[in-house]
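Heads up, there are several structures right after this.
What follows is a pair of complexes built around chain A, which joins chain B in one and chain C in the other.
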Partner chain A sequence: MFPAIPNPTTDKSNARFGEKDMIRRSASTITPPAKRQTEVAKLIDVSKCIGCKACQTACLEWNQLTEEVGVNVGVYDNPHDLTANSWTLMRYTEYENPESGNLEWLIRKDGCMHCEDPGCLKACPSPGAIVQYSNGIVDFVKENCIGCGYCIKGCPFNIPRISRADHKAYKCTLCSDRVAVGQGPACQKACPTQAIVFGTKDEMKAWAAKRIADLKSRGFAKAGLYDPPGVQGTHVMYVLHHADKPQLYAGLAENPRISPIVEAWKGVGKYAGLALIGLTAAAGVIHHLLQGPNRVTSEDEENAEKLAGGKS
Partner chain B sequence: MSTHDDGSGAHMRVRRYSGSARINHWIVAISFVLLLLSGLSLFHPSLFWLAGLFGGGTTVRWLHPWIGVVLVVGFIGLFLRFFAQNLPERTDWVWLARIRHVLKGDDEYLPEVGKYNAGQKFVFWSQSILVIVLFVTGLGLWAPGLAYVEGLFGFKATIDQLRMAALIHAGAAVLAITIWIVHVYAAIWVRGTISAMTRGFVTGGWGWRHHRKWLRKEVGHDERSRVTPAE
Partner chain C sequence: MSSLGPTFGRGAMTNSWTDIRNTDLVLVMGGNAAEAHPCGFKWVTEAKAERGAKLMVVDPRFTRSAAVADHYAPIRPGTDVAFLSGVVNYLLSNDKIHKEYVRHYTNAAYLVKEGYAFNEGFFSGYDESKATYDRSSWEYEIGADGYAVRDMTLEHPRSVFQLMKKHFAVYTPEMVSRVSGTPQDRFLKVCDWIASTANGERAMTIMYALGWTQHSHGAQNIRSAAMIQLLCGNIGVPGGGVNALRGHSNVQGITDVGTLTAAIPGYLNLPAENEPTLESHLGKRTFKPLQANQTSYWQNYRKFYVSFLKSFYGTKATPENNFGYDWLPKLDVAYDCLRMFDLINQGKTNVLICQGFNPLMAIADSNKSAAGLAKLKLLVSIDPIETDTARFWENHGEFNNVDPAKIQTEVFMLPVTSFAEESGSLTNSSRCISWKWQAADPYHDSRTDVVILADLFNRIRKAYETQGGKGAEPLLAVDWSYKNPAEPSADELLKELNGKALVDLKDAGGKVTRQAGSQLASFGEMRDDGSTDGAMWIYTGVYGPAGNLSQRRDNADPSGLGVYGNWGFSWPANRRIQYNRASADPEGKPWSERKKYMFWNGERWTGPDVPDYVPTIPPSQATGPFIMNPEGVSRLWVRGLMADGPFPVHYEPFESPVTNPVFPKLKGNPAARIFQRDRPSFGDAKEFPIVATTYRLVEHFHYWTKGVHMNAVVQPEFFVEMSEQLAAEKGIKHGGWVRVWSKRGSVKGKAVVTKRLKPLTIDGRTVHTVGLPLNFGFIGVARKANPINGLTPPVGDANSQTPEYKAFLVNVEPIVGPVA
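Right after this comes the complex of A and B.
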C-alpha cells in the first residue's frame, strides 16, 4: 500500500504555491521563478480500478458541481462525455484479449493530464486565463477566461469543455486548492483501491515501477507507464496493462503532442502575419514619400470637359 | 452630370456611386474595421489591449462573429452590385504588364480603363474569395454558429478540421487586411478618389485620368441614344 497522505492541520497555513511559482501564463511573457518546486503527479493505476466512480463523485463534491441527470444508453459511462461540470470521467471498454482469450474490462479515469507542454495554454489568446505552476499543475483562471474555446483546439487529449451557463472553459484543476495545503486531489482521497495515488512525480514513477513489475509477473508482459514524451511528460500518469496499445483504453492517445496545425497557428504564423501586415503598411508609406500623390491635373479636367462638351 | 464650385475652381462632376451603393460600402467598411480590431486582439497577445475597445475579451468573443455575419450580408450586396464591372478584360493584362507605370502614376502610358482597373478587380475578387473563406472557417471557431450549422447539415466537424479552420481563418484574415491596406492606400494616393466613396461624385478630370473608358461611357450615356446614333 502507498502511504496515505495525512489529514491537514486545522491551523491556518500559507498556500504552498501561488502566483510567484508560475512558469507559464497564457498570452503573456513572464519570468519563471529561479527555483522550481518539486513536481507533483497523480498516478492512475488502471489495473486496480474497480470502476466504482467514487472519484467522479468526489470531484463533483469537492468542486461543488452538479451534473445533469443523464440517459442510460446501455453503457457504464455516466455522463457520456466530460462536461463543464464533470472534470473526470470513467471510460469503460470491454476488450477481448486475443492472446489469452480473456474478456478484460478496461476502465480508464479520463481527465486533464496536466501536460508539461500544455497545448491549451499555448492556444489561449487571453492573458492569464491558463497558468502553469512550477509543480506541474495547469490551471484555468476563470476571471480571465473569455470562453473562445481555443484551449479545446490546443489540447491533445480533448479535455476542456465550455460551460453553456457562463461560457467559460473548465477542466480538472488537479485540486490545486487541496495541493496548496498539502493534500492530495479529492479523487485520490476517495479511491477505495488506491488505483489513484498522489505524490511527487519521482515517487509516482517509483511506485508505478513496482506496480508494473507486479503486472508483468502476472502475465501482462507489455505493462508500462503512460507518461507521454510528446508533451514532455504529464503530471497525471497511467499504469496500463497494455502500455503498447494505449488506444485500447477508450482511445487514449498513442503519441500525444501539440498538433502541428496548432503549432503553425500559434507559432510562426503569428509573426509571419504581423510582418506581412506591417510590411504592406510600410510599403504604402514609403511609396507615398517617394512618389508623392497622384493628382488630377487641370489638363485632365479640361480634357474631361472637352469630352463632355463635344458630346452634348 | 453637373458642375459645382468646390473652392478649387469649378470642375465637372461625374456620378460614380449611388446613395445605396455608398451606404452598402459604409456597412462593409465599418464592419471590416471592427472585425480587424477585434480579430487582431485575439491574433497576438501584444494586441490583446484592442479588446478593451469593445469592453474586453469576452465581448470580443461573442461580438466578432456577429459583426462577421453583418459583413457577409453587406458584402453579398457589394458583390451583386459590382461583379459585372469587375469581370476580367484583355486590357487588364496590359495594365498589369505596365504595373511600373501604375506605381509611378504615369497614367498616360496605361490603356484606357473602364469603371475598374486590374488592381481594383484584384481587390474585388480576392476579397470576395477571402470573405467566403473567413466565413466558413469562422464557423469552426464560433461554438453556437458551428452547432447550428452541424445540426443543419447533420455532420460533426473533427478536431483537426477545427484546428485547420483556426489556422486558415488567421491566414485569410492577414491576407484580407493586407489587401485592405492596399485598397485604402490606393484611395488615398490617387487624390480625388475618396469623394466617390463619401459623396458619390468624382471630377471629370479624375475620370479622364484614371478611368477614361468609363468616363466616355458616362459622358455619352445621356445623349448617345437620342442625339448621336452610334460611336
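Right after this comes the complex of A and C.
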C-alpha cells in the first residue's frame, strides 16, 4: 500500500508554493525562480481502477461544482464528456483482446495531464490566465481568462472546457489548493483502491515500475508507464496494461504534442500577428485623419426605429 | 446466514475485511464486490498488488469486479449450485483436497443412518402436498455410547465423504457447461486455481453477497461454496473464509439484534407455538456433544436465553414465572416480508410501520405491494428521506400510475436523523462493532429512531395502563428503566446489550468474581439462574468493566496480518478470524509457516488473534475447532438443519428457460417458499424466453441516493443491459428505448448494448440474459423509472425466505421513447 498522506494540521500554515514559484505565465515574460520545487505527480493505475467514480464526485465536492443530471445514452460514462463543471471523467472502453481472447473493460480517468510543456498555456493570448508552477502544476487563473477557447486548441488531450455561464475556461487544477498545504488531490484521497496515488514525480515513477512488473507477471507484456515525451512528460501519468496502444483507452493520445499551428502562432506567427495588429491600428488612424468621424444621419435613425418595432 | 450457521456454527462472515489482504486467491461470485463494496474491495487489489494474489470472477455479466480480475467465467443466473457442485466433483474426483483437514475438521467421517436416500433430485422424506421435507432420515448413526459413529478411513459407504462423492459425481464439466453455459475451459481454469489452495500452504477467500442469497435456493448456493472451502481447508485460516458482504454499514448489526421475525437478539430463537414452556424451548436447543470432549457451545443456550429475559423484563423476570417466557409471543409461521404483504393483501394486516424501509421498491412483485399499501388503514414511514413507499398514493404518470382519489390509506412521515446526526454503534461485515460520534445537527425537527420508538412505546404503554386492553401484561412487564425513559441513550443501549451482574457472582470456591452491578467482561460469565442480564450475548465484552471498547481506534498491527485487535470490538469475544484453531493441524502446529496464525505453544493456544477455542485445551484432547457444533467439526452434511436438503442440489429458478438438465423431474426448489395464490403470476419460457437479473450500481446506494444530486449526476437514469446479439435480433439500438416485461409487470428504459453480456448455450440452445439495475424509482432527482421489482417473482428461499430477485424470465422489445 502506498503510504497514506497524513491529514493537515488545523493550524494556519503557509502555502507551499505560490506566485514566486511560477515558471511560465501565459502571454507574459517572467523570470522563473532560481530553484525549482520538487516536481509532483499523480499516478493513475488503470489496472487497479474499478470505475467507481468516487474521483468524479470528490472533484465536484472539493471544487464545489454542480453538474447537471443528464441522461443515459447507452454507456456508463456520465456526464458524457468533460464540461466546465466536470473536470474529470471515467471513460469506459470494451476491448476484445485478440491475443488472449479475453474481454477487457478498460476504465480510464480522463482529465488534465499537467504537461511539462503545456500547450494550453502556450496558446493562451491572455496575460496570466494560465500559469505553471515549478512543481509542475498547470493552473488556470479565472480572473485573467477572456474565454477565447484557444487553450482547447492548444491542448493535445482536448481537456479545457468553456463555461456557458461565465465564458471562462475550466479544467483540473491538480487541486493546487490542497497540494499547497501538503495534501494530495481530492480524487486521490477518495480513491478506494489506490488506483490514484500522489507524490513526487520520482516516487510515482518508482511506484509505477512496481505495478508494471506485477502486470507483466500477469501476462501483460506491454504494460508500461504513460509519461509522453512529446510534451516533455506529464504530471499526471498512467499505468497502462497496453502501453503500446494508448488509443485503446478511449482514444488516449498516442504521441501527444502541441499542435504545430500553436507552435507557429507562438513563434513566427506571434510577431507577424503583432505587426498586423499594429498596421491595422495605423490604418484606422490614417483613415480617421483623412475622412473624419462617421456621422449618423436622420435616415439612419428612422431605419433603426423601424427595425426595433418602435419599442426602443 | 441460514447456511453458514448450519455449516460452521455461526452465521456471519468468517474472516475480516482486513484479512482479505492475506489471501492468495479470491473468488468473487454471487456478488460484485468492486461495485457493491468498493472500499472493502481495496483489500483485494492490495492482495493482488502485494502478494501476487489472483482474482477470479464468475458472474452473468462482465462486471466492474471482472474489470480488474485475472480470470472471468460467465454463468447463467440461478445456476451457481451446478457450477460449484462441479468444483466439488472436480476436487473429489481428482483427489485435490486437504485430506487431513477434511478428516479431522469436517464431518466427512460421520456415518449417516440407514434410510437416507436421494432420487432424481429429491431427498428422502419429501411430502409433496406440504412441499416440505421430513428431515428425520438425514441424521447421523448414533452409537451405543450416545455419540455419532465415525469411520476415520472415510471409506464406509454411508460416510458423509462417500455419500458426497456419489452425490456430486453427476456434476461433470460437461454437465456444468450444459446447465450454466460456462465454457468448459473457463470452468476448468476456476477448478484448477481453487485446487491450488487445497494444501495448507495457500488460501482462497470467497466473497459473495446478494447474488447468491436472492434465489429460491440461495442458502444452498452458499452451502456449496462453504463445502469447497472445507474441502480445501480454507476455513479458520488467514486469507481464507466464506465472506458474506453485507449491503449496509450496519446490516450485520441488524441481523445480530434479531430483527428477523423468528429470532431474538444474538441468534437465539423466538419461541415457537409448540414450545409452551421455557423448558420445552430450551430442551431442544441445549445441544449435547456428539463426540467426546467437544465444546458444543450451545450447551450454554439457557444462560444466554435467561440473561436475555432478565434484560427484557428486569425484576419482573423471576425463576417462578420462567423469567417471563410466557410473555414472549409464540411464533406460528415466519412473518417475512413476502408473507407480510400477502397478509396485507388479504386484509389481515391493516397498519404498517416502515422504519428505514422502502418495501414498494424493495420487495418482489411491486404491483402486489402497491395493491397492498392501498388496502392499509395506516402507513407510517420513519425515514430520513422521502421514500417511494411513503408516496405510493401519488400519481407519477406511467411510473406510478395510481388514482389518489381511490386510495384511503392514511400516511404519516416521521422524519428521522441520519447516521451522521446521532451517536451509536455500527457493526460491519467483519462483525466489528465501531462507535461513531454525532457529527452534524439533526436536520430541522427530525428525531432519532430511538426517541421516536420510545415515544411510541411510552404512549402505547400509557394507553394500556389507563385504559386496559387485551394482552396488556407483556407490554407492562417490559423493563424500561432508562435514565430518561423518553430518550434511552445509545450508551445505555450498548451497555444493556452487553449485560451485567445482578448479584455478586462467585466462583466454585465462593470468591466474588464479579460484583453486583458490574458489566460483564465475557458471555462466559452469563448464568441461567437470573443472576446476570444481557440482551445479546454475542456482544458481551464490547462494553465490559473496561468501558466501551467499540470506541477503540488503535490501528497497530504487530503481526502484520491485518488483525487490528484493538480497533473496536469484534464479536464473538473480539475474535477477528472465526474458527481460527483450524489454522493449526490436529497436533496444534501451523499447517505451514506461510499460513501460521493460532497454534499450541505447549501450554496454551496463542497467536495474533483471540483463540476461537478454550485457550488451555491441549491438542491431545482432540476437541474440534468448530466449537459451536456438537460434533466439534464443520458440516459438509448439514443433517436436518436446512429445509431443502443435507447436500445442495441444482434446482432451476422458478422461472427458467430450460427443463432442469440434471434432474428433469425437478421444477424449482421443492421446499421453496411460495404461496399458492401467487402461482398464476409465474411466466414460462415460451412467452418469456429471456433471462433477467437485477443488481446494484456503484454510483448509487440502494434506493436512497436517487434523491442525491451528485449520485444522480454520475448515474442519472435506469437502463437495460443486453448483448450485441440480442440487440441485433430484436432490432434494438444502442442507447435506444426498450420495454422489458414479465408476467407481473413492465418497465421501460435505455438500452446499454454491451460486449460484457454474451448469449450462452444452455442444453443445446441459445439463452440471452438482460441486466436490470435496481436503484431507480419515481421519487428523487435521478430520472424517473418504474420500480424494477414490478418484474420480479414472489418466491422465496426455502431457508431464509429471501425472494428470487436474481433470476427470472422476461421479454424485450424496442419502443419509441417518450417525447422529451
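Here, the second predicted complex is superposed on the first by the 271 of 312 C-alpha atoms of A that agree within 3 Å, B and C clash if a C-alpha of one lies under 4 Å from a C-alpha of the other, contacts with A are read in each partner's own complex, and residues count from 1 in each chain.
Going forward, contacts are C-beta pairs under 8 Å (C-beta built on N, C-alpha and C of every residue); 3 or more make two chains touch, one makes a residue touch a chain.
Just so you know, these numbers come straight off a predicted model, no measurement behind them.
Student: Considering only touches as defined above, state whether A:181 meets chain B (first), chain C (second), both or neither.
Tutor: Neither partner.
Student: In the superposed arrangement, does A:69 touch chain B (first), chain C (second), both or neither?
Tutor: Only chain C; A:69 stays clear of chain B.
Student: Touch test for A:51: chain B only (first), chain C only (second), both, or neither?
Tutor: Once the two structures are laid over each other on A, A:51 reaches chain C alone.
Student: Report for A:221: first if it touches chain B alone, second if chain C alone, otherwise both or neither.
Tutor: In the superposition, A:221 touches no partner, neither chain B nor chain C.
Student: Just to be sure I read the superposition right, which of the two partners does A:296 touch: chain B = first, chain C = second, or both, or neither?
Tutor: first
Student: So, does A:286 touch the first partner chain B, the second partner chain C, both, or neither?
Tutor: Touch partners of A:286: none, neither chain B nor chain C.
Student: Once the shared chain is lined up, is A:206 touching chain B (first), chain C (second), both, or neither of them?
Tutor: Neither partner.
Student: Would you sort A:28 into first (chain B), second (chain C), both or neither based on which partner it touches?
Tutor: Only chain B is touched by A:28; chain C is not.
Student: Can you check the complex and tell me which residues of chain C touch chain A?
Tutor: 34-35, 38-39, 41-42, 45-46, 48-50, 52, 62, 64-68, 70, 72, 698-699, 709-719, 734-736, 749-756, 781-783
Student: Of all residues in chain A, which touch chain B in the complex?
Tutor: Within the complex, chain A touches chain B at residues 27-29, 125-127, 146-150, 152-153, 158, 162, 167, 259, 261-262, 264-265, 269-270, 272-274, 276-277, 280-281, 284, 287-288, 291-305, 307-308, 311-312.
Student: List the residues on chain A that touch chain C in their complex, please.
Tutor: Listed in rising order, the residues are 1, 47-54, 56-57, 60-61, 66-76, 78-79, 94, 96, 102-107, 192-195, 210-211, 214, 217-218.
Student: Please name which positions on chain B make contact with chain A in the complex.
Tutor: Touching chain A: residues 1, 9, 11-12, 14, 41-45, 48, 51, 56-58, 60-62, 103-105, 107, 141, 143, 159-160, 162-164, 166-167, 170-171, 173-174, 177-178, 181-182, 185, 188-192, 203-209, 215-216, 219-220, 222-224, 227-228 of chain B.
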